[in-house]
Each structure stands twice: as structure tokens, then as C-alpha cells.
Amino acid sequence: MSEINNVLRVENVTMQFGGVVAVNNLSMEVNEGEIVALIGPNGAGKTTAFNVITGVYAPTNGRVCFNETCIVRNHPTGKMKKAYKGEHPTLYTAQAAPEETLSDEALETWKDQRKALDPYAFSDHVLTPTPDKITQLGMARTFQNIRLWKSQSVFNNVLIAMHMRRTSNLFTAAFHLNGKEERAQREKVLELLRVVGLEDVKDELATSLPYGKQRRLEIARALATEPTLLLLDEPAAGMNPQETLELADFIKEIRTKFHKTVLLIEHHMDLVMGIADRIYVLDFGKLIAQGVPAEIQSNERVIDAYLGVADDAEN
Amino acid sequence: MQEMLPYLINGISVGGQYALIAIGYTLVYGILRLINFAHGDVFMVAGLIMVYTSTSMPIYLSLPVVIAATVALGFLIERFAYKPLRTAPRMSLMISAIGVSYLIQNLAFYITGGVPQPVTNMIPWISENVTVLGASTKRVTLVTPVLTIVLVIVLVLLIKKTKIGMAMRAAARDFETAQLMGIKINSVISATFVIGSFLAAIGAMLYFTNYPSVAIGSGGMPGLKAFVAAVFGGIGSIPGAVVGAFLIGLCEEVIKGLGYTTFSDAFTFALLIIVLCVKPTGLFGEKVTDKV
Amino acid sequence: MKSLKKRENIITAAIVLALLALAMALDILLPGYHIAIKVLKKGAVYALVAVSMNLLNGFTGLFSLGQAGFMLLGAYSYAVLCIPVAKRAGVYQYFDGGLVQFSLPEVLGKLPGMLAALLIGGLIAALLAFLIGLPVLRLKSDYLAIATLGFAEILRAFFQWNALGPITNGSNLLKSYPEIGGALAYILLAGIFIAMIILLVNSTYGRAFIAIRDDEVAAEAMGINLAKHKRMAFIISSFFAGVGGGMLAMYMGAVSALSFKSTMTYEILLIVVIGGIGSISGSVLTSFLYVASLEWLLRGLDSGTFLGINAPGLFKNGFRMAVVSVIIMVVVLFFRKGIMGDKELPDLFKKKPSRKMKKEVAAK
């Protein structure tokens, strides 16, 4: 029997900005080799969830584990504690207890299991590494609003993403004594560009590319950091149906050829239903449904969230 | 304590003058996110104009002329040096401000020959000597704090109760949305500079009655100190700028009184750095989060 | 490295060599106090400082206004370490001959001693950058500018404090230290340091700096540690500013903290902007242009006669700077990209694609 490896595990993550709860008690899992999609209406908190996972925000509560190492962990303090406790009386401590009431013994066992994975579970310890450290561990992302380096060429945009994997230090690099490593990395960049089909425009300014190609460039750039998990934030935004199909094939290729795991946020339902193994649905920061595409398509709560019919009918 | 008294009194007075300048900085930064480096030089030019007009026309004429000319200068600077760069990156705008400051100082040097201009015809009444609690000082040191507080109250009322004030607050909150909502952003910005320059003119008239010599660099230090006051109080907050200014004025004079004159300037900068490192939003400032 | 053989690089190299030959010739033909020699020397110093500022402000996007402070450190380091022992009693007359009782040129030999003093000045500046970098670099651009400005001013106050007199000579001048040579020496020296910066900018770290400037959120997401790289840029830039300060001390012959006011930083900043943010050749070119115009060509504007026009009422003291300020404002407002934009000298000589080639590319 093959072991299912948890590449990413999001546990009871809440992100609160003052009075606004952007992500409310979200728990998700992504297993090795899967393509998982996070969908939901605009403003549901999907990008915020991404930002918590990649270390841009420190969550108000909860934790994120990557390949069984806890990388992000927090629990509410000060004013947040009060505000959070009101809504989640049992969850405002460092680690959420399971929903059902357990006997004291069972609870202790459960706690010990947690502590084995994360020595700081149930403590006040806050863990919020900077995004670059999380990328070093093997997680890379693209952005909802394309964030390419505008003054640089297509080639350089990908080359810069390889900077963090260098073994040369400042002096060897500054005096150009690292020729071998430089050449090897440039080769890899060319290969990546070939894979995404941008080789012929490699010396063009990154922003001179059409929108769809810029998105592909962002993906190539993320791949250059040699990640295990790829997070794509609306990769098909602004693409026409043809481009979306090509993107779908490409994402599948990322899984099979590059052996990466993919978590994506997307609005294009065809893309999502076509390539996702599992789907999580967010609405107003809360997880309202999860499952395989077929289940989600027929889920009433999901349909309501997108169309808002049931809410109005109830009023 | 008795020896410190003249320094304390002077500190409150200088603080008031800094406050009048600081408000100009904080208003402009609140809306444009620009540190108007030229503001201190506008203050200095007001002083120069006061010197020239007070010798060539009667006092009740020269004061309005100083105010009008300073306001015009502030308005023109915004119109020609800042407005064209409104869509440019922030650094370009700051560089333009530095360039304007440089230009004003060099023009002033050319016109005055680099010689500090003494204030020969002082404003009557406020430049007379009075005795307070045993210390002798000019009446202006008593008038300044009072006048400052009155003007600040008027300004705060203006911002809270009038339409233009509301427009300014909206623009400070969210520049683009304010434009989309139909607020004439150009008028708002011009009004901001007009108010700032007006207050700077008054501040100059008071300051140069206290220190009756206008040198080219006279705007530099007070300007920078007023800016530090604005940052300390929370940039964008008028009461904060005023509190900060009085604090800096007092501390500066106390340090002078204790004998460390060379360090009175350095103190202000040290305060700035501490504020920026400990609480960058200042005493009354608000935190702004960037969207990723 | 096949890029070295490209046409445009050869032309650039030729120009640089020509300039060096010119400097050498002028050194031989003209007396040391001739205005042309002075312009070349001061231009070289300003070029180095401008490039160091461009590295920080232009390439990494960190708006720092502390350059004068680092130059001050470098200048004083050079002076303090190079005053001949025999002259110290005279220079430090109010401080019993001063604390430092040796002089590097006398200990290590003339040239090595002076070079060592320059490098030590750079290292001291870099050390200060390291110390203040940690808190200061976290600040947003406008606040960073004011904080660095503040540090420079505080530094200046310290250097004028008489309590530190045994080292700094308090509010008195430091003088009588030796100079490294003629215009050629200055240009070679500045050239070597600028070459180092060019190498850095074209390396992977240079590209990382540019990424931070263009979009630091993306840079961080792609694994570039912002704090570490910003500090790196800050320290390196300050090192070269310190060395430049040492060279400025050499040129001026006497140093006082008073000359290192924030106006000096503004001058360098304006040179960088006019030359083009992100263009090293722009900074170098504009430095020489600025110094030449100010010291030489526009002198007449201050003294009554300019270009044959005699108007002492108009052309009096200060007109020169006023004219320069106006020109600066014109460039800032209308030529925002500066003289060179973000291009370098070789780019000017690149073969432009012919019309036929352009059609082929468009047809693809």
C-alpha cells in the first residue's frame, strides 16, 4: 500500500485584520502529487490564505505544516484573543482540539501526538518565518496581480529566481569567479523557458509580453526556485479559452514531468473541474465544502455561495 | 530653576513657531505622501520678504504682503514642481522637492549675496521687552504659543466642519477614491499648500522677531525640526505635530540651557531615529497595511 | 567571456583608455593647480561617490540620504591616519598633538600607506552602515531618507565636538596630510573602485538588488532575503562612499566636518538623478560634467563676464549656482529618466537592428 504523503497541512488557520475576519478556521490538506484547487467567490479569503501559507502574514491562530515540519504557527494575543475567543471559545489556544469531546486520557494522547510533530504545540511560541525562508524549504508561488521585475528581460526574471540556490558567496560572485555555477544556472533557465515556450522571447522586456505569456513567465520563475509545492494564484486570469486549455495541460505536465504538487486558486470553473483532484470551497473566509469535482459541482451550498439565491430566499 | 526659566519660556515660544511649520509638513504628507523639503525654505523666504517689506512700507501693509507672497510661493511650487510628477514614482517627487529647496536657497544666496539679512524694522508691540516671572524676554515669546493654539483650533475646526476640510480628510485617507468620488483633487491639494504656507508665514514673522536675522540656511534647521515634530506626533495628525513641536522646542532650549549647545540639533535627530525605530507611526499616527 | 569581444565594449574600452592618456598628458603638461587638473581630480572623486549612491538608491531602490555622513567618516579616517608625525603637534595644537601618534604612509611606505588609509576609511564607514542598517533599513522609503539624513547630521555634530578633539581635532581643521598624486592617480583609483561596483552590479547579487527595487514582495517570494540583501547593498555602498570621502579629503587638502553637510548628499543625489538612476556611466559622465561646469565653464557667471557678455550687475556671486539649480529642476521635471536613462555607455554603441531585420522579427 502506498503511503499518502502530506505535503501541506493547514490546521485551523484564522486571519483577522482588526475587525475583519478574512480567513475563518480553515483546515486543508494537500498530498504529494495532487492538484488541489481552492475556489470561492471574490473576497472569500483565498489569496489571504495563500499569504498565510507563504509567510506573508502571521495568522491570528492556527498553524501550517509543510512536509511534516511546522512552518507557521500562531495563536491570538492581547486584544485579538478577546475578539477571537468570542467566536471560537475552544479554539483560541495554541492548538485546536478535535470537535468531539474526548476523555482526558484520549485528549492527553492526542496532545502528545501533536507535540511529537511540533514541540511548541500548546505553548505561546509564535513561528513566522519570512517568505524567503519558506521558499527555501520548497514552496513557490505566483501572484494574482502579476509581479514580474519590470526592468528586466524574460531571461533575467527567471535567472534571478535561481539566486537563492547559489552556493557561491558575495565575493566569488561579485568578482565573477563563479563562472561554472553561473553557466549551469543559465542553462537551466534556458531549459525552463523552453518548457513554457518562451525561449524565443528570452531577451525581451518581461512587461512587453502579452498577458498570457507573462503568467507563464511567472510560473517558470516559480519553478526556477526548485519547489516541491507550487502555489498558483489565479493562473488563468485574463486568458482566453484556448490559452486556458494550454495552461491546464501545462499544469498537468508540472505534476507528471516535474513531479511537483500544485495548489491553485482559480475562478475558471472548467480549468478547476478539469484538472483538480480535490477542491476546497471558501465563502466569507469559511470552508463551506470540500471534495472531488463531481461532489462540489452538485453541492448546494457552493451553488448558493456563487449565486447567493438561498440566502435571499431565507430572508 | 530660575536660570532655566528664560530657556523654558523661549522653548515654548520656539515650539509654537515649529508647530506652525510642522502643520504644513503634516498636511502635505497626509495627502501626497510627500516630505515637502522646500517647506523650510518657504519659511525662510517669508522671513526675507518681511525684512524687505518692513523697510519699504508701513507695517500694516507689509504683514499682509508677506502672507500673500508666501502663500503665492507655496502655491506656485506645488503647481510647477509637484503637480507634473503626481503620477511619477515617489522618489522622483522627493527629488523634485529637494531640487526646489536647492533652487530657493541658491536664488536667495544670489539675491542677498550670502549675507544674513538683519530685521531692522521689527513688528511693533510683540518685539517689545517684557518681564515674566523675573526673566526678561520679548513679548513675542508669550504671544506665539497663544497665537499658535488659536490658529490650530481654527484649523482643526476647518478640517472637521467645512466641506473643503472633509475633502482634505478624504484625500488623505484614499487619494484615488477621493478623485473618483468627484472631489476636485487639484483644489484640495492647492488648498493644503496655501494653508501650510499661510501658517509658515505667520511662523516666520514670529520667529524672526525672536531671532532677528534671516540667513539662507535659516529655513533648513527649523524646517527639519518641524518635520521631526510632525513625524514624532504621527505624520498626518495635526495635534500630534503641535505636541511634537512644543516638545522639541522645549527640549532644545533646555539642552542649550544645560550647556550642550552643539548637541541641541543632534538631539532632535536622535529623537527622530528613536521614534522611527520604536514607533514609526508616531504618537497619534495610524497604521497602514499594504495589500499583497 | 565572449561578451568582452563585442563591438560596443571595444569602443567603450577605447574611450576609457583615451581618457586615461589625456589625464596622463595633462598631468605632465600642466601645473597641479591648473583648473583642468582640479576638474579631473574632483570629477573622479564625485564619480566614485555618485556610483556608490547609485548602487544603493538607483539599483536597490533604497532612498538613503546619509552619503555625506559616510564620506565624512572616510575623510577623517584618511586625514587622521596620514598626517605626518612631525606635523601633528601643529595640527592638533589645542589637543596636545592628538591621540594618534603614527602615520600610515610613514609606517607602510607612501603609496601603500595612503591606500591602506583609504581602505580603512571605507571599512569604518561600512561598520557604521552595518550598525545602523539593522533598524533603519526596515523603514519605508521616505522615512529611510529622513533617518539616514538624521544619522549623517548626528555624526557631523559628533565630529565637531571638542571632547573628541584628540582624534578629530574638534571644530578645527585637519590638514597637512599627503596627496596620492596627479589627475591620473585619482582617475585610476576611482576607476578601479568603480570597476568593482560594475562587476557587482552585473553579478547575481546585483540582479538580486534590482529585483528588490522593482518588486520586493516578489523578490522575497522567490527566496531573496530582503533584510540581508538590503544590508549588503547598504554596507557596500557605504564602503565606497567612505573611500570616496577619503579621496575627497586628499583633494581638498584640509577637512572639516562643516563641509559634509546634507547639501553634499543632495548634490550627489542630483548628479545620480540627472545621469540616470541605474546607469553607472550616467553617474560618471554627469559627475565630470557637473564639476567641469561648476568649477570651470560657468565661473564667469559669478564674476561679471560670461561668453563675452559683460554684465557685472547680473553676473555676480551666486548666479552660477542659481543657474545650475534651474538646470537641475528642468532635468528633474522634463527629463526624468536622466541623460542615460538606465543604459550604460556600451549600449550607445550597439548596432541598431536594420529595417530588414526588424521586418523579419515582426513577421515571425
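The first chain written gets the first letter, and so on, giving A, B and C; residue counts start at 1 in each chain.
The rule is short, and it goes like this: a contact is a pair of C-beta atoms (placed from the backbone, for glycine too) under 8 Å apart; a residue touches a chain by one contact, two chains touch by 3 or more.
In this text the structure is predicted, and so the values were computed from the model without any measurement.
A.B. asks: Please indicate the chain closest to the centre of the assembly, with centres calculated from CA atoms only.
C.D. replies: Central chain: C.
A.B. asks: Determine, using the mean of C-alpha atoms as each chain's centre, which chain is farthest from chain A.
C.D. replies: Most remote chain from chain A, centroid-wise, comes out as B.
A.B. asks: I'd like the Å distance between the centres of chain A and chain B, where a centre is the mean of that chain's Cα atoms.
C.D. replies: The computed centroid separation for chain A versus chain B comes out at 48 Å.
A.B. asks: What whole-Å value do you get for the distance between chain B and chain C if each is reduced to the mean of its CA atoms?
C.D. replies: It comes to 32 Å between the two C-alpha centres.
A.B. asks: Where the CA atoms of chain A average out and where those of chain C average out, how many Å apart are those spots?
C.D. replies: 44
A.B. asks: Using the touch definition from the top, which residues of chain B touch two or more other chains?
C.D. replies: 292
A.B. asks: Name the residues of chain A that each touch 2 or more other chains.
C.D. replies: Counting only residues that touch two or more other chains, chain A contributes 56, 143.
A.B. asks: Any chance you could list the residues of chain C touching two or more other chains?
C.D. replies: Expected reply: 217.
A.B. asks: Mind listing the chain C positions that touch chain A in their complex?
C.D. replies: Against chain A, chain C makes touches at 1, 196, 199-200, 202-205, 207-208, 210-211, 214-215, 217-227, 232, 278, 342, 364.
A.B. asks: Once bound in the complex, which stretches of chain C touch chain B?
C.D. replies: The contact residues of chain C facing chain B are 57, 61, 63, 135-136, 139-143, 145-147, 149-151, 153-154, 157-158, 160-161, 217, 263, 266, 269-270, 273, 277, 316-319, 321-322, 324-326, 328-329, 332-333, 336.
A.B. asks: Under the definition above, what is the set of chain B residues touching chain C in their complex?
C.D. replies: Within the complex, chain B touches chain C at residues 29, 33-35, 80-81, 84-85, 88, 90-92, 94-96, 98-103, 106-107, 109-111, 113-114, 224, 227-228, 231, 262-263, 265-266, 269-270, 272-273, 276-277, 280, 292.
A.B. asks: In their shared complex, at which residues does chain A touch chain C?
C.D. replies: Residue list for chain A touching chain C: 54, 56, 130-133, 135-136, 140-141, 143, 147-152, 156, 159-161, 163-166, 168, 170, 173-176, 178, 182, 200, 221-222, 224-225.
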